[in-house]
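Same chain, two partners: chain A is paired with chain B first, then with chain C.
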Partner chain A sequence: MSILSLDLFLSALRLATPIAFVALGETFSELSGVINVGVEGTALAGALVTAIVAYFTGSPTLALLSALAAGAFLGLLHAAWAVYLRADHVVSGVAINLLVTGGALFSTRILWGWRGTSPSAATMNPWIFVGLCVLLVGLAQIYIFRTPWGLRLRVVGEHPHAADTAGINVNRIRLLYTVLNGVLCGLAGSFLFNNLGRFTDGMVGGRGFIGIAAMVVGNYRPLPSLAAAYFFGLVDALQMRLQAYIPSQFSIILPYLLTVVVLAGFLGRANVPKALGKPYLKEGR
Partner chain B sequence: MRLARELGLVFASLALAFGVGALVAQLSGLSPSAVYRELVRGAFGDQYRFFQTLTQATPIIFTSLSFLIAFRAGLFNIGAEGQLYMGAFFGAWAGFTFVLPPYLHTVVALLVGALVGAVWGFIPGWLRARRGTNEFVSTMMLSYVAIYFTSWLVSPRGPYHGTQWANQTVRILSSAELPRFVRGMQLHWGLAIAGLLSLLLWYFLFRTPRGYEMRAVGQNPRAAQYAGIDVPRTMILALTLAGALAGLGGAAEVLGTHRRFIEFFSPGYGWDGIAGGLIARAHPLAVIPAAILIGALRAGGMGMDRAGVAPADFASVLQGIVIFFVVAPELFRLFRRIRRERRVLVHSQP
Partner chain C sequence: MPAEAVRMEGIVKRFPGVVANAGIDFSLSFGEVHGLLGENGAGKTVLMSILYGLYQPDSGQTYVRGEPVRIRSPSVAIRLGIGMVHQHFMLVPRLTVLENMAVGWEPRRGPFLDREGMRKRIEALVEEYGLSVDPEARVEELSVGEQQRVEILKALYRGAEILILDEPTAVLTEQEVEALFKTIRALRDQGKAVVFITHKLHEAMTICDRVTVLRKGKKVGTVPISEATPEKLAEMMVGREVVFRVQPKPVQKEGKELLRVEGLTVHDERGLPAVRNVSFSLFDHEILGIAGVEGNGQKELVEALTGLRPPKAGKVYVGGKEATGLSARELAQLGLVHIPEDRQATGLILPFSLAENVVLGRHREDGFALGPWVQLRRRIFRYAEEAVRTFSIVAPSVRVPVQNLSGGNQQRVVLARELGRKPKVVVAHQPTRGLDVAGMEFVWEKLLELREKGCGVLLVSMDLDEILMLADRVAVMYRGEIVGIWPREEADKHELGLAMLGGKVAAR
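Up next, the complex of A and B:
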C-alpha cells in the first residue's frame, strides 16, 4: 500500500480537528490578552467527561454538552485566577494541566477500577466535528475582523486602557473569551473520545500544545491557524503510517520535533497582542 | 516579617487545599478522615516510610530547582521530565560504559547526565533567545522527544536493550553506584547532593552578579536590557542550567535508586518539579520542604492505595489543588478585604 493515499488525507483531516479547535480557542483568549496553557488539560477533561457521561447515560449528545460545560468550567477557573486573582497566566494553566491529569487517573480508578482508561461507550460520528470545525473557523474569521464585537475583543488585548475609556469592561471581555476557549477545548476533547470510542489518559498527548503552536504559526488569525493545524494533522497521519517502516518511537517523535522546527523557523510574530499575559488594573498601577 | 508572611500564605493555602481535597474525597464516596490518616501514615508512619518519602523527594528537589531557575529568569521550563530522562539514560550509559575507580566513576557519570540534560535545556533556551520560540511549547515538545528517544534506545530494536524481560539497560558497574545511606533502603546520597545544590543555587541567585542579572531579566527584561544586561545570553544560561539540574537529578535517580536505565521509569518527577518550585514560591531553600511535601504525597498516596482507602492518584489531585491555592496570593488579600468589609458592616449596624 502506498503511503500517500486518499485515506491519509482523510485521517489528516480528523487528526487536525482537535488541534484546530484548540488553536481557535487560544486565538480568542490570547487576542483578549489571556494566555491559557491549560488547553491541554482542558481538552483531556473534555474527553474524560464525554466518556463518563456517554458510559452512564448512553447519550452521546448529552456527553458532548457535558464536555462543553466542563471546558467552560475550567475556562472560568483559569479566568478567575489569571484575570481576577492576577496569578501568572502560564502558572495557572500548568496547574489546570496537573489537576486534570491527576483527576483523570483518579476518576477512572474510582469509576471503573482502571488507571487512566475507560471502557468503550456510545459515540457520535466524528466527521460532524470535522465539519463543525471548518464552519466555526470561518465564522470566527469574520467575527474577529469584520464585526464590532471582534474589534472590541482585539482592543481589549491590544490596548486595555483605551478599551476601558471607551466603556468596555476589560476583565469581563477577558473572562468571556477565556470561557469560550475552554468550551472549544472541551469540544476538542469530546472529538478525541468520539474518534477513538473510549478514553485513555494519554489521548491528548501534547495536541493542546501543538494547538498553541498552530495559533502562533497562524499569527493569531483563525483561517491561517486552521491551515497550520491541517499541516500538523497531516504529519500526525503520516507518522502513524510510518510506524510500519521505522521504529515506532521515531514516528511518535516526528510531530513533536516538527512542531519545534516549524515554530523555530517561523519569525512573523507581528500580531502578538500587546497586553498579552498582563493583568488589567483600572488604577493603572 | 516577609518570611513570616510568605510562610503564613503557604500554610493557609495548604490548609485550604486540604479542605477542598476532603470535599473531593467525600464527593467521590471516600472517607476523608481515613484518606488523610493513611496518607500521613504512609508518608511518615515509621522510619522505612519516611525514608521512602525522602527517596521520592530526591528527584523532585532537582526538578524543582530546574523549574525555579528558569522561572527566576522569567521563563517556563515545563520540560524537566525530558531533561531528566536524557540525564538518566546518559548517566547510566556512562555508568556501564566507562571503567573508572569508584567515586570518580560516580562523579563522572553524574556530570555526563548533567551535561546531556544541559544540552536538552540549551536547545529551547537558544530558540527562545534567538528565534523567539515559546519556551513552554518547545520544552514540552522536546520532553516527548526525549522520553520516546530513550525508550527506543532500550527497546528490542535499539542499541542498549540490556535484558530480555524488560526494556532497560544492563546494570551500571558497582564503581558508578551512588551509595545508599542504610542497607536495604533506596535512599541514597543524591539527597545530599540535592540539598547542597539548593544552597548553591540560593548563593548563585542572591549573592552573585550573574544571579542578580538573571533575576533582573525575570522581573523586567526591557529594564534589564537598558541596564546593559545581555538578556538573550541570560535566558540561554537559565534554561541550560535548568536542563543540567534536571539531567543531574535523572542521573542521580538511576545511579542511586534503580542502578540501570528503565524506559518510562519516572512517575512524573518533572511535573512534580513545577509543583515543587511553585509551592516553594521560587525560593531555592524552600524547595527542600516543598519537595518533601510532594514526596510525602507520593509515598503516602501509595500507602493509601495499599490500605485500600483511596487510589494513589488522589494524591495527584490533592497536589493540583494545592498549586491552585499557592499561586494566587490575591485570593487571600480578597478574603481579608471581605472580612474587613463585613466587620465594617457589623459595626455600622445600629
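Up next, the complex of A and C:
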C-alpha cells in the first residue's frame, strides 16, 4: 500500500509532537489541581511570538525563548485568576483562548497588514522538537513517580489539605506547575511555526484540546499520554493521505471524531485528581 | 511529677456569634493519656486545633515543654513535636502507605525518593509501637482502623511526642477500639503525651489517666481518673441547672396520636444500621424531645421521617395513615413538615429571593400557580410580605436573596414557609443551631405556639437544656436506639446525661 509508508510515520511523529507537549504540560497542572483549557490559546501565542521574533531578529533560538516566556506569562495569568483569585478554571482558560485569538489577528494586521498570517521567517529544524519531546516526557515520567517533588505534586492535586498539614505550600506548587504548563504549550506553538515556516491563526487547529484528550487517555501519566499523542498524530497523518481518495471535508473530521470516541471510552476510567478545579482555602477562620 | 508537655493558659477563641473557648486552661504531661470530654460544641476540637496551629487564639498563651510558643501553622506544631490525628483522615486514598507517610518529610537518595530507606523507617516504627501495616498497600485498600494506624504512624514518623487524637473511636468497630487502646497504652508507656478527645464516658474511664471536662466553651474541671466516676463526669458534662427562658403553658390534651413509628430501622451512607428498631408515638398538643449526642442516629431518623431517606424496615403512620417511604411532598400533604438541621444547605436556596424561598415546594399550590405559570409578581409577593410581617423577618424587601439575611432571619424564612402549610406534625431538627439568643427565643415561642394550637412537635436537639425547657416528654437516643422515654416532670438531667453517654439506665 502506498499509504502506509515510512513517510506516513515520520509525518505522524511531527503531527503528534505539539499534542504531546500540551498533554505533558496539562498533566503537570492537572496533577496539581489546576485545569487549563487555555492551552489552545497558549500554544497559538507561542507560535505567534516565535513568528514575530524570528521575523524581526532572524534568530530562531531567540524566537524559541520568547515563545517559552510568552507561555510562562499566560500560565502566570491563569494561575493568578484560577489559583489566587479563585476564579472558575474553565472560564479563565476560555478567556485566555479568546485573548490570544484576538491578539493574533490584531498583531498580524499591525505588523504585516495581513489578516491572521505572517510572512515566512527563519526556522530551526523541527526534528529537534520531536526529539526534545521524547526526552522531556521520559524525564517527567521519572520526576512525577520517583522524586519527592513529584510525590508532593500528586498529593497537592489529590488532597491539598493533607499537603498543607505536611507543611507544603499548596498554592505555590499550583502556580509553579501552571506556569510550567504554559511553557510547554509555548514550546508546542514554537514547534508549529518552525514546522511550517510561517504563522497562520488556525495553525493550532484544536491540537491543544486534543492534547488534553491525550492526557486523559494516558490517565495523567506522561509516557502513556505520549503514546496517545502518537496515536492521534498517526490518525491526522492518515487523514491527510486519505484526502486523495475521499472528499477532504470528510477526512479532516477524522481526528476530531476519533478524539470524541476515544475520550468517551476513557473519561470514566481516568484517575482524575480529587481536588481538580477546586480552589484551596486554609481552614483557619 | 512527670515533665510537663503542654500548658495552655486562658485560651479564648471567638467565632461569629459563638465563643468556642472562653478562657480555657489545660495542661498535659509526658507519659499520660489526658481525656478531653464534653458534648458537641463544648469546644474540645477547637482547643486542640489551636494547639495544632489550625486556628489562632484571640487571646491566651501556649507553652510547650515549658517554653512560650506561638503556633502559626501545623508545620510549626509538627516541628514542636505535636501530631494530630483528625476525624477525617489526611490521607490520599490512591497513594501507598509509604508515600502518604513520606510526603513533606521525604528521605532522599540523590534526586530520588529513597523508598528503601523509608520502608526501613516504617518497619522500625511498626516494631517499636506494635502497629502493623504494609508500607506498599494503597490506602484505599485499607480498613478504617488500618488507615487510622497509618495516621498515627505518620505523626510518629514526623517526630510527634505529643499526640492529639480527635474522637478516634467514632469510626471504629469494637475490636478496632481494643487495638487502638493497646496502641495508646504503648505510646504512653514510651513516655508520649496523648490527648484523647471524646464524648463517650466509658472510653474516658477506660483509657485516660486524667480527664478535663469542657461545657459550652468553658472548662468545668480536671480530675484524675482515680477520683472520677461516670456519674460525676456526666454531671460535669451536662451541668445540673436548667435555665428556663420560655415557659410552656398548660394545655388540654385530646390523646390523638398524630405520628406513630413502629420498629423503624434506617441505614446510613455506608449501609450500616444507624437507627435500630425505633418505636414511639407523638400526640396532639405535645412536644417530644429527642436528646442525644450527635451521631447517634438522629440525622438518619429525621431523614427517614421526612421522606429524605428510605427506611430499611418498620412503619410510619401520620395522622393514622400509613406514610412509610412517602416523599417529602406527599408527607406535607398529610400535614407533616420539616425544619431541617442545616438551613443553608437544606432549608433554603441561598441565591433565591425571600419570596421564592417562602413558597419553595408550595409553588404548585392554588394561589401560587396558574396552570404551568408561577405567579411571582402578584400572589407570591403579597404572601411573602405577609409572612415578613407575621414572622418579624428583617429584610429590605421580599426580593432580596436570602443569603443576604442574618442566620436568625433565614431561620424565620424557613419557619414561615413550613408553618405556613398549616401542619399537624412538625419535625424540628436542631432548629436553634447557630442562632443568637433573640433568634433562639423566637423559634422556641413558635414551637410552643404550635403545641398550644394542638400540633405535635418532634424536637431533635443536641442541647439538653433546650429539650428540658420545651418538651413534654424526653426520649434519649444512643447508638441508634431509643434507650428510654421520660415525662418531663420525672426527667432528671443527671440521669438523662448518663443515658446520652451510654451509661446504664433503668429503661422505662
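Here is the rule we use: the second predicted complex is superposed on the first by the 279 of 285 C-alpha atoms of A that agree within 3 Å, B and C clash if a C-alpha of one lies under 4 Å from a C-alpha of the other, contacts with A are read in each partner's own complex, and residues count from 1 in each chain.
The rule we apply is simple: a residue touches a chain if its C-beta (ideal position, glycine included) is under 8 Å from a C-beta of that chain, and two chains touch if they have at least 3 such contacts.
Only a predicted model underlies this, so the values are computations on that prediction, with no experimental measurement involved.
Peer 1: State whether chain B and chain C clash or fit side by side on chain A once the two structures are superposed.
Peer 2: They fit side by side.
Peer 1: Using the superposition on chain A described above, determine whether A:R152 touches chain B (first), chain C (second), both, or neither.
Peer 2: second
Peer 1: Which partner does A:G102 contact after superposing on A: first (chain B), second (chain C), both, neither?
Peer 2: Touch status of A:G102: first partner only.
Peer 1: Taking the superposition as given, does A:A166 touch the first partner, chain B, the second, chain C, both, or neither?
Peer 2: Only chain C is touched by A:A166; chain B is not.
Peer 1: Please name the chain, chain B or chain C, that touches the greater number of residues in chain A.
Peer 2: B
Peer 1: After superposing the two complexes, find the smallest distance in angstrom between C-alpha atoms of chain B and C-alpha atoms of chain C.
Peer 2: Minimum C-alpha separation, chain B to chain C: 6 Å.
Peer 1: Can you check the complex and tell me which residues of chain A touch chain B?
Peer 2: These residues of chain A touch chain B: 37, 77, 81, 84-88, 90-92, 94-95, 98-103, 105-107, 109-110, 115, 205-206, 209-210, 212-213, 216, 247, 249-250, 252-253, 256-257, 259-260, 263-265, 267, 269.
Peer 1: Could you list, by residue number, the parts of chain A that touch chain C in their complex?
Peer 2: It is residues 146-148, 150-152, 154-155, 158-159, 161-168, 271, 274, 283-285 of chain A that touch chain C.
Peer 1: Which stretch or stretches of chain C touch chain A in the complex?
Peer 2: Touch residues, chain C against chain A: 15, 54-56, 73-75, 78, 90-95, 99-100, 102-106, 108, 111-113.
Peer 1: Please name which positions on chain B make contact with chain A in the complex.
Peer 2: Contact set of chain B toward chain A: 28-29, 76, 78, 124, 127, 131-134, 136-138, 140-142, 144-145, 148-149, 151-152, 155, 157-158, 271, 274-275, 278, 311, 313-321, 323-324, 327-328, 330-331, 334.
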